[in-house]
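Order of writing sets the labels: A, B, C, D and E. Residues in every chain begin at 1.
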Amino acid sequence: MTDAIPGLFNYWVAIGLFVCGLVMILDSRNMIRKMVGLNMFQSAVFLLFITMGKVENGHAPILADGISRFSNPLPHVLILTAIVVGVATTAVGLALVVRIRRAYGTVDEDEIFDRPEVEPEIVP
Amino acid sequence: MMAEWLYLPVFVLLLCAMACSLVRSGLGPTVFDRIVAINAFGTKTVLLIAVYVQASGHPEYVDIALLYALINYVGSLALVRYFGARRVRGHD
Amino acid sequence: MITTINALVDMGLLVVLSVSALMLVRCNSPLNTIILNALYSFTICSLFVIMDAVDVAFTEAAVGAGISTVLFLCVIHPDDESGRLFVWPGPLATVVALATGLLLVFGTFDMPLYGDPQVPVHTHLVTRFLEDSGTEIGIPNVVTSVLASYRGYDTLGEVVVVFTAGTSVLILLAAGHARQDSGDGLISNSILRVVMPRIIPLVILFALYVQFHGDYGPGGGFQAGVILGAGLITLALLTDSRIMQGVISERWIIRGMAGGVLVYGLVGVASMLGGGKYLDYSVLAQSSTDGQHLGILLIEIGVGITVAFTMLSLFVSFNRSGQTGD
Amino acid sequence: MIPVSAVVLIPLLGAIGIVLARRHVGLRNLVLVLTGIGNLAMVGHIALNLSGYQEVQVLFETLPGLSIAFHVEPLGLVFGLTAGILWPITSIYAVSYLDACRDTHQTRFHALFCVAIGSAMGIAFSENLFTLFLFYEMLTFSTWPLVTHSRTREAVSAGRVYLGVLLASSLLLFLLAIVLVGNYGSGLSFVPGGQLASTSPALVAVLLVLFVFGIGKAAVMPLHRWLPRAMVAPAPVSALLHAVAVVKAGVFSMLKITVYIFGYDLLNVVFLRDILIWFPAATVLVASFIAMRQDDIKARLAYSTVSQLSYIVTGALMANSLALIGSGMHIVMHAFGKITLFFCAGAIMICSGKKYISDMNGLGRSMPWTFGAFFVASLSIAGLPPTGGVWSKWYLALGALELGQVAILGVLMLSSLMNVYYLLAVPLRAFFLPAPQPQARLECRPALIGPLVLTALLSCALFFLSGDLQGLLADLTRRMASP
Amino acid sequence: MISSALKHLPVLQVVVPLLVAALCVLAGSRFLARTALILTALVMLSISLMLAGQVYPDGVISYALGGWPPPWGIEYRIDMLTVFVLITINLVNLAAAVFALGRNDDNLGRGAHAAFYAAWLLCMAGLNGMVVTNDAFNVFVFLEISSLATYVLIGCGRDPRALLASYRYLVMGAVGATFILLSIGLLYMHTGTLNLTDLAQRIDARGANRTVIMALAFLIIGLGIKCAMMPLHDWLPNAYSFAPNSVTVLLSGTATKVALYVLLRFVHDLFGVDHALSVPVDIVLVACAISGMLVAPLIALRESNLKRMFAWSSVAQISYIILAIGLGTGAGVAAALVHLFNHSIIKVAVFMAVGILIARTGTARIRHLGSVAHTHRFACYTLLFGGLGLIGLPGTPGFVSKWVLVSAVVERGWWWLAIPVLAGSLASAAYVWRIVEILWAKPADIPLQQTRSPLAFVEWFPLVVVMGLVLWFGLHASLVTGWAGLAAAALTGNGS
């Protein structure tokens, strides 16, 4: 248990970020803030991955003479991809936000959903 | 090497500087305070990375710091472009 | 000593990170949110460096400082700033989030401790990558080896994700009312006018360095693409975007996006025609390692092309239909 | 040898033909009648060549053990023959009835009628529970547009009740029972001796409950509500479907399931049967009571149907060969009688515009043929000679005695008495009570009267022909004895 | 040349649409993109069928991408289960692609058509990739490709609410994907590998601990969002109802189905429901499924929008599949697959009919559709028959599904589960019949500006073909059930 504090601290912070991100996603009215929350939420998972890839006294996984102890490159590869995926999602989300603002004049979810539902009655 | 123990206060100071910028960016009160704070924070990041890679014996990774130095300003530029041209609210 | 420093900096950065996350949750103004988000990104990037993930740090730096912030800034609007500074999260959100968090904390007690080398993560798959990639692939950066060769197919997927995002944004924002560009880019500012033209070539040079040095140091096609994209975006920010279009037309930006994917995909097809499996670069040249070198070089170029053009395309789309100009 | 499935396919093809011929009324009616006659010929062909129809005909094999298949067995043949004989007669009646109403959707009506009869035929000749259920549901859905034919608010809401009760019972209980039989029993096919010999008694009891209440078309209380509501349909629908095809499909399924799925040996040792049998028995009495209080002639007939159906269900649950013969015969006898009654009710409504019994005083003298037929049919339902109804009730009574349930015998007798009261009252009132005002001769055109006189005569004829019927069903009991 | 191409079929299944999508964008021509879409859809279906032809005798095909042997490189692994799902989704894709050539109610800007069809192909490439891969992280990557493409396809709907629906789906989908990523991370943390076969062996060898349990929990939540499991279904009704009609057709038959497939794969391959894990996975899945199959139809019953009503019906029908997965037996898996296929073809037919109806009448409001059956016979009768299939009446594929499902439930010993299943059918009957009553028996309340133009070939042809399949598989289900049985055997490792 004495090792647990330094040994698991990284995880706990990641979990904290995870929770913060989730709160931001679930609770924000502003759609842009929601996307920021999503970013934070994802980066918490990235942190978790990178943490597990770290080896004590290890070096960055670039082969060089005289170094034999490397941190694990596989999580790095995965997270590289995941970061890109995250950016891509953000971009698409923001494009939707732009369109929503154009259609509704606001990016506040409550404001949009509070409006009386205007059903386009008949589309010729 | 004698330099090793010198790194410790350097990091502590850098972290403190980062914390200060962080606080300023949170408190504001004007947008310009925040922009300056974020720039300062970015600079500290560049420094921290540069010092760390030196300390860890891999000075070749200073690329990352270099990268930050080179494209740190893009965000600020965009900010100025979109928000600087018009009146930026003093308080938020 | 370095271990202590590592642990200390790690902890310190984690604290900074937590604080900035809390501030983000608390902050209710979009502009400040984005500023804090950038700050958060810097911190997590430093953490990645501390944890030896230099390639990841590189990516995070390029994305966080360059693209994300610009995209967010294109989208926000001064009127979004709401008066409410801080509201406690609603009960539902709190309960859901805390339950998830507690579940995770409960799970951490069976997780390997930070840095412990004797866990399956470090003993099973990865030993081959670390021990044999030098002979099998022949390039020092193991991350690049794994990324481009052992798991090259994931990277194809990654490029396609970028391409999909570019296409999606294109579809969503194509029906845009073109923004009335005021024409006065930041070029009117004399400091910028002097400094920037000297920096942008440096950025582009750096991008090329990152692109081709990726086998030996941190970096690679994706990072290079983002940096190149950031350089071009800078150019666009400085000038009127119409001048930008004189440099490269939108039609070609889109073609570039697709072209990179095709380069990557066709390398795979070439290896199939050469008698290997899809993306088996060994058959591309006489010797297996030469083939790997060639394949990695080609696909990294494909990645770079797609990413750079996609970043540019994203910026052009958002810039054209951003709210701030109407 | 023509395959059995022809009896299903002929009506379905007829439906298509009717839709195709919709622009030429004469041709359409011709197709309708020809389909009916063709179908009757096919059923007759089967009846006359029984030895050639020993095989099971598999039309589709949906899954192993789950196939759409047909076979010929006495009970189904009886039901099929009944529906087959009555259908062409009804067609003629329906055409003239709808013409008299100036109905504008006759094509739809007749086409769906054909589908409904095809489904009834499918039920009659189904070889397994799956096929039976398929046509059971097809019958439900094809009759919904007929019930709501007028598209009035009342008709649509009646249609909702109709579909609601029938679907709810069949999907929740009947289907569950079938699934349980399929998984715990030895198969879904109808075989003499049943499929459940190797299952636990508790399951058998559960299944019995599920079947009795799952087959909503049998209208055992409290699932009878749909039947009176369905009376908003035009008279031919009430006549053929809600006196013959649909409701008989329900009780027929019940009979078939007791005979071929449970088997009488098993049924007789299930304790729950002795309790369950009181539900239909009570229905017999209660429905009769309600019928007595109805003034609307179709409602009275509907409750009478509910009551008579439960005779058959009771007979099915008695689980002995006498009761089986009685039930089988009652399907036929009641069909002929009740269809006549509904024809009469329709004719009265068309020709005199009256639907309340209290308004019918003296009407008999204006419409002698109609009320004459009504009288004969009432005798048949009540079980009085010289009509076929005597025999079926006789065998049911014998069955009750064989079971040792004198109380049930009492119920059946009491109900018959009530039948006499509430059915015979109508013609008597029409013939003997004075009319409120002098009436002209109201009798309808021959095309409307012909069918109902014919069915009335057939009811009488059945009094003499019952020997053949009894022989056919006795053959079944012999088969059950030696599976 | 041909024979060497046959060796590469597993990867061609995914790479062909990927590269064609890039070519579409490169060409930028609407006509070329449409042609490419149809041809690619045909090619994809043919590849699936050829793969089936290869797997049937050989058992399993393993394709090592990049030539690196499995645990180190990414492996494509094709077995009977894989081809079952592949054929299903590629069949749906072909039908939907042809349907998409017709009048489409999308809202595309000038020049975006080629990109739209490219997004379509990317979506399909992603879905196919998720199906064929045997690598946990690769699942995530292709999930994201398909998700991103799906968001934009939904966002192309004409109604501005399509954007909101898409945004909501994006947020939920991204959360779900992150949960899946987290779960993959936790699994990797426990075992040190990403290959599913290897993972399964190592979990078996090392036993389960809290990490694995958490991984399972997050996986179920993440995939539950993607496949619209009941409490996580929030995105689906709006996404389906505001997406362009052809996209609704595509999604209803593919996206959720693939998520269900992945759920099936992970839960069975890695954890095995009977596995000694002390987590009642089965109970959780069954509870969600029951709530879905009972609640969703009731919501559908009160729905005022025709498309959204059938979207709710999808939530209900998906619950049946989840229930079958939750049983954890071979028969359960087979039942899940049978319903996966049957529901796909039925829903595709239904949504096509709905699409035609909406395009012709100009409204999706149920109450405005009184008596339209008399003017739009074809669409309405298709809707009717599809509806009967959703209820699960005998003679329709829906019945076969229910039969197999209930048999599996009884075999598992939970015969009481048959009651909610049948009650669910009854509830479906209620909403289907509500529509039928309005379409046929309710007088029209407002004069609709109906288009009487005859149906185009691309509108009726795919519908007729799909309806033909529905009829055929309603009567001859042995092919589907037999195959599902083989697929289940491939998954559970023994005869079902």
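The criterion applied here is as follows: a contact is a pair of C-beta atoms (placed from the backbone, for glycine too) under 8 Å apart; a residue touches a chain by one contact, two chains touch by 3 or more.
All values reported here derive from a predicted model rather than from experimental measurement.
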{"item": "Distance in touch steps, counted as few as possible, from chain A out to chain D", "value": "2"}
Touch-connected components when chain E is not counted: A, B, C | D
{"item": "Winner on C-beta contact pairs when C-E is weighed against A-C", "value": "A-C"}
{"item": "Per Cα centroids, the chain farthest from chain A", "value": "D"}
{"item": "Maximum centroid distance from chain C, chain identifier (CA atoms)", "value": "D"}
{"item": "Centroid spacing, where centroids are CA-atom means, of chain D and chain E in whole angstrom", "value": "44"}
{"item": "Whole-Å gap between the CA centroids of chain A and chain B", "value": "22"}
{"item": "Interchain centroid distance [CA atoms averaged], chain B/chain D, Å", "value": "89"}
{"item": "Rounded Å distance between chain A and chain E, as computed from the means of their C-alpha atoms", "value": "27"}
{"item": "For chain C, residues contacting two or more additional chains", "value": "2, 54, 74, 104, 109, 111-112, 121-122, 125-126, 129, 151, 154, 157-158, 161, 164-165, 168, 172, 217-218, 322"}
{"item": "Contacts with 2+ other chains: residues of chain A", "value": "18, 22, 52, 59-60, 74-75, 78, 81, 85, 88-89, 92, 96-97, 99"}
{"item": "Junction residues of chain E, two or more chains touched", "value": "137, 141, 144, 148, 151-152, 155, 188-189, 194"}
{"item": "Touching pairs among all chains present in the structure", "value": "A-B, A-C, A-E, B-C, C-E, D-E"}
{"item": "Sites on chain A touched by chain E in the complex", "value": "18, 22, 25, 31, 34, 38, 41-42, 45, 48-49, 52, 74-75, 78, 81-82, 85, 88-89, 92-93, 96-97, 99-100, 103-104, 112, 119-124"}
{"item": "Interface residues, chain A side, partner chain C - complex", "value": "3-4, 6-13, 15-24, 26-27, 30, 32-33, 35-37, 39-40, 43, 46-47, 50-64, 69-81, 83-85, 87-92, 94-99, 101-102, 107-108"}
{"item": "Sites on chain C touched by chain E in the complex", "value": "103-104, 106-107, 109-112, 119-126, 128-129, 149-154, 156-158, 160-161, 163-165, 167-168, 170-172, 174-176, 251, 254-255, 257-259, 261-262, 265-266, 268-269, 272, 275-282"}
{"item": "Chain C-facing residues of chain E, complex", "value": "4, 8, 11, 15, 18-19, 21-26, 28, 63-68, 71-74, 107-112, 115-116, 118-119, 122, 125, 129, 135, 137-138, 141-142, 144-145, 148-149, 151-152, 155-156, 186, 188-194, 202, 206, 209-211, 213-214, 217"}
{"item": "Chain A to chain B touching residues, read off their complex", "value": "59-60"}
